[in-house]
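Just below sit the structures, each encoded as structure tokens.
Heads up, the next two complexes both have chain A, just with different partners, chain B and then chain C.
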Partner chain A sequence: MTFLRVVWLVMRKDLLVELRSREIVYTTMFFAVSCVLVFAFGFVREGQPMEDVGAGILWIAVAFSGTLALGRAFERERQSETLRALLLAPVDRPALYIAKLLGVLVLLAAVEVIIVPLVALLFQAPLFRHLAMLLALLAAGTIGFTAVGTLFGAMLARARSRDVLLPVLLYPITVPVIIAGVRGTSALLQADPDPAVARAWLSLLVSFDVVFITLALWTFEPVMTD
Partner chain B sequence: MDFDSLTFHEVTRNFGRRRALNRVSLTCRAGEIVALLGPNGAGKSTLLSIAATLLTPSAGAVRYGDRTARTGGSQLRARIGFLAHDLFVYPELSAAENLLFFARLHGLADAERDVDAALAQAGLQDRRDDPAVSFSRGMRQRLAIERALLHRPRLVLLDEPFTGLDDAAVAATRARLSSLRESGCIVLLTTHDLEIVEHLADRAVVLSGGRLSAVDAGGTSLRERYRQAASS
Partner chain C sequence: MQRLFLPLTLLVAAMFAYAPVMIAQAPFESTMLLVQKIFYFHVPSWFVMFSGAFLCAGASVVYLAKGSRNADHYALAGAELAVVFGLMGLITGPLWARKAWGVWWEWDVKLTLALVVWLTFVAYLLLRRYGGAGSEKLAAGVGIFGAANIPFVYYSVNWWRTMHPKTTVVPTLREGMRGTFWFCVLAFMLLMVLIVAARVRLERQRALVDDLFLELED
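Right after this comes the complex of A and B.
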């Protein structure tokens, strides 16, 4: 069976399960919106947001809700040990990694569709001024964050302290993603936007994505065997 | 790929300091049902997981004919059917969706027809579109057995296959296992239901404290022979 066919089958199954339960999308979205609202209470005074906070809050909401989505995505595979059934299937195991990665990305994209306009509204951030560049930064950053998180999520699926260990392992490694995302987005939100700086941070994010997806594809099979 | 034997050679498996399996050697052949008996925590599920290529031994080797898990790869996994204690069933998906997903993952040419046949075998045709979460334990067990056998594996590994089954389902599962033996499958199963496998298994072995010993053939009841083997 082809690599892409396996990716499609597993991703479609994940999305069908989510469509039935709506557990991850609702909890993640609620969490992301709550996060933005809490920051709005702290950083918006008399209708005026503090300068330059929108970018940071947007990426914190993405990172926190992403962690929640990653944890729940693998918790679901753990409950009936279905991850072991996937590993027993006669398919390329890296295809399972790509399928889980794409499934979480679809859910996070749905969350971002809600929180980007919310951040733009509450923090008066001109996020839509350079929409294409913002979308590129969000896509590259979310892929990088999820690429690392999917590998760790799968590794920790059967660990006893997985809920604690996932952020402990994930955040230090994805710090470059968060920094590049915040700085790139900030460059677009300034009074005098600087797309060249945003492009430089985007290049860093794309490099991160290539390196970590390659590493994950290479290590997924050995780390999942035991 | 195909193979006609499963051989454990001096297989040891450690989990940290705990030794779950201690130099286990066993050969199972095509057309044979081997019952793996033993108390809780004896290492039965660990041995099945190793045979299913989901765990690697800390020492020793497992061979499938003349291949190993490493050399057999995905072609070997295509010939293994595994029913674990956790049933490998998605509770949100219906019975048909669960089977169809695994049938397609195994690349079955006529997945829809195979799924219909499996649902009939499990007696779940009238519940085919109901989510698995609404099933009783016995119904989920029947579904999981069919999921494990859907791709017509050569090596069938069953961890407590009779759990939760009513008398009719037990009889049907026994008949199914007999037909697997006749078709040349290698069947290795664990159970505590000794009366059920008494006249079904071709031979029985006991795992106790990670060590394997044979159960004497014939004579007294299997339960009596199991007690003797476990205590010796």
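Right after this comes the complex of A and C.
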């Protein structure tokens, strides 16, 4: 089987399972919405949101719900030992990684479709003024976060205390993604938007994606071998 | 290494015993005076932390590529040193900052980078400690990612800060301070070599004991 076909089949399987139960997408979406609300109570004073807070809350919600989705995605594979079955299949290991990555990305994209308008609404953030740039930042940032998270999630599927170890490992490594995402988005949201600054942050995110996807493809094989 | 261990221990002990003398004799820095002396131990501890981080990442690459257990022992020793000396840097740093800048913490690029790298290696050790069987390999992945992340953290924090510039006191080295500084760096690096050697030996023997137990049970 070719690489792309394996990617397609595994991803389709994941999305089919998810479509039937809709467990991860519903729970994660509701979690993201609760997250935004909790922050709204923390950062809205006298009916007015604090300056520059929308971008930060948006990215925190993405990071938190991403962690949840990653954990659940691999918990499902662990319950009936299907991860072992996947790894035993005579296919390229990196193809499994890419398939898992794309599956989680689709889920997070669905979550972002909800929380981006929600943040725009609750924090009076003009998120749609530079829509193309905002989408590019969100895509590059989510890919970077998920690229690291998918590898760690897969590794931790067999480890003890995996629930708490995933964020502990993931957040320090994805600090650049959060900084670049928040600063880039906030450059678009300020009263005098600055697309050049957003573009600089986007280029940092893209290079992060390239480096970490390459590294993950290389480490996935030895890390997942017993 | 085992034959060199004792002479190296004596050398490092002598260097650390002499270091305070050299530091006392070094000239006072013009604005910070006595406070600046902490620099001679503060900066070398960061040198050791970053060397430990890179040792961990390099050894992790070898471990994942070749599967050599020895490389894994080096990776563990590197990560432990990064955490211990990073903690020393994180304690001496705010003490100095409080006196020199008037604040305990500044979101300056070097401080933030050091904090993120330190957190990464704390996470590495947590994974090894609580991850259960087979967590060495997972930890190796974290070690590699942690080191690859260093330039990204540096650039992102640097841009983040330079967009809100703040003046900080950057000490420049004067004649007479430079010698003392490099003497301390050398002492710390030799101490690191010493600890890595001891730690790897301990880990190797622990693995040997484990193997012998398994053999006995079979």
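Basically, the second predicted complex is superposed on the first by the 225 of 226 C-alpha atoms of A that agree within 3 Å, B and C clash if a C-alpha of one lies under 4 Å from a C-alpha of the other, contacts with A are read in each partner's own complex, and residues count from 1 in each chain.
Definition applied: a residue touches a chain if its C-beta (ideal position, glycine included) is under 8 Å from a C-beta of that chain, and two chains touch if they have at least 3 such contacts.
Small disclaimer: the values here were computed from a predicted structure and weren't measured.
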Partner chain(s) touched by A:G47 [first = chain B, second = chain C, both, neither]: neither
Touching partner for A:P176 - first (chain B), second (chain C), both, neither: second
Chain A residues touched by each partner, larger count belonging to chain B or chain C: C
Touching partner for A:V6 - first (chain B), second (chain C), both, neither: first
Touching partner for A:R160 - first (chain B), second (chain C), both, neither: second
First, second, both or neither for A:P90, with chain B first and chain C second: first
Which superposed partner A:V211 touches (first chain B, second chain C, both, neither): second
Touched partner set for A:E81, first chain B, second chain C, both or neither: first
Those residues of chain A which chain B touches in one complex and chain C touches in the other: 225-226
Residues on chain A engaged by chain B in the complex (per definition of touch): 1, 6, 9-10, 13, 16-17, 20-21, 79-82, 84-92, 225-226
For the chain A and chain C complex, residues of the former touching the latter: 148, 151-152, 155-156, 158-161, 165, 168-169, 171-173, 175-176, 179-180, 183, 197, 200-201, 204, 207-208, 211-212, 215, 219, 222-223, 225-226
Complex interface listing, chain B residues touching chain A: 52-56, 74-75, 77-78, 80, 82, 84, 86-93, 97, 101-102, 104-107, 131, 147
Residues of chain C defined as touching chain A within the complex: 64-65, 67, 116, 119-120, 123, 126-127, 130-132, 134-135, 137-138, 140-142, 144-146, 148-149, 152-153, 155-157, 159-160, 163
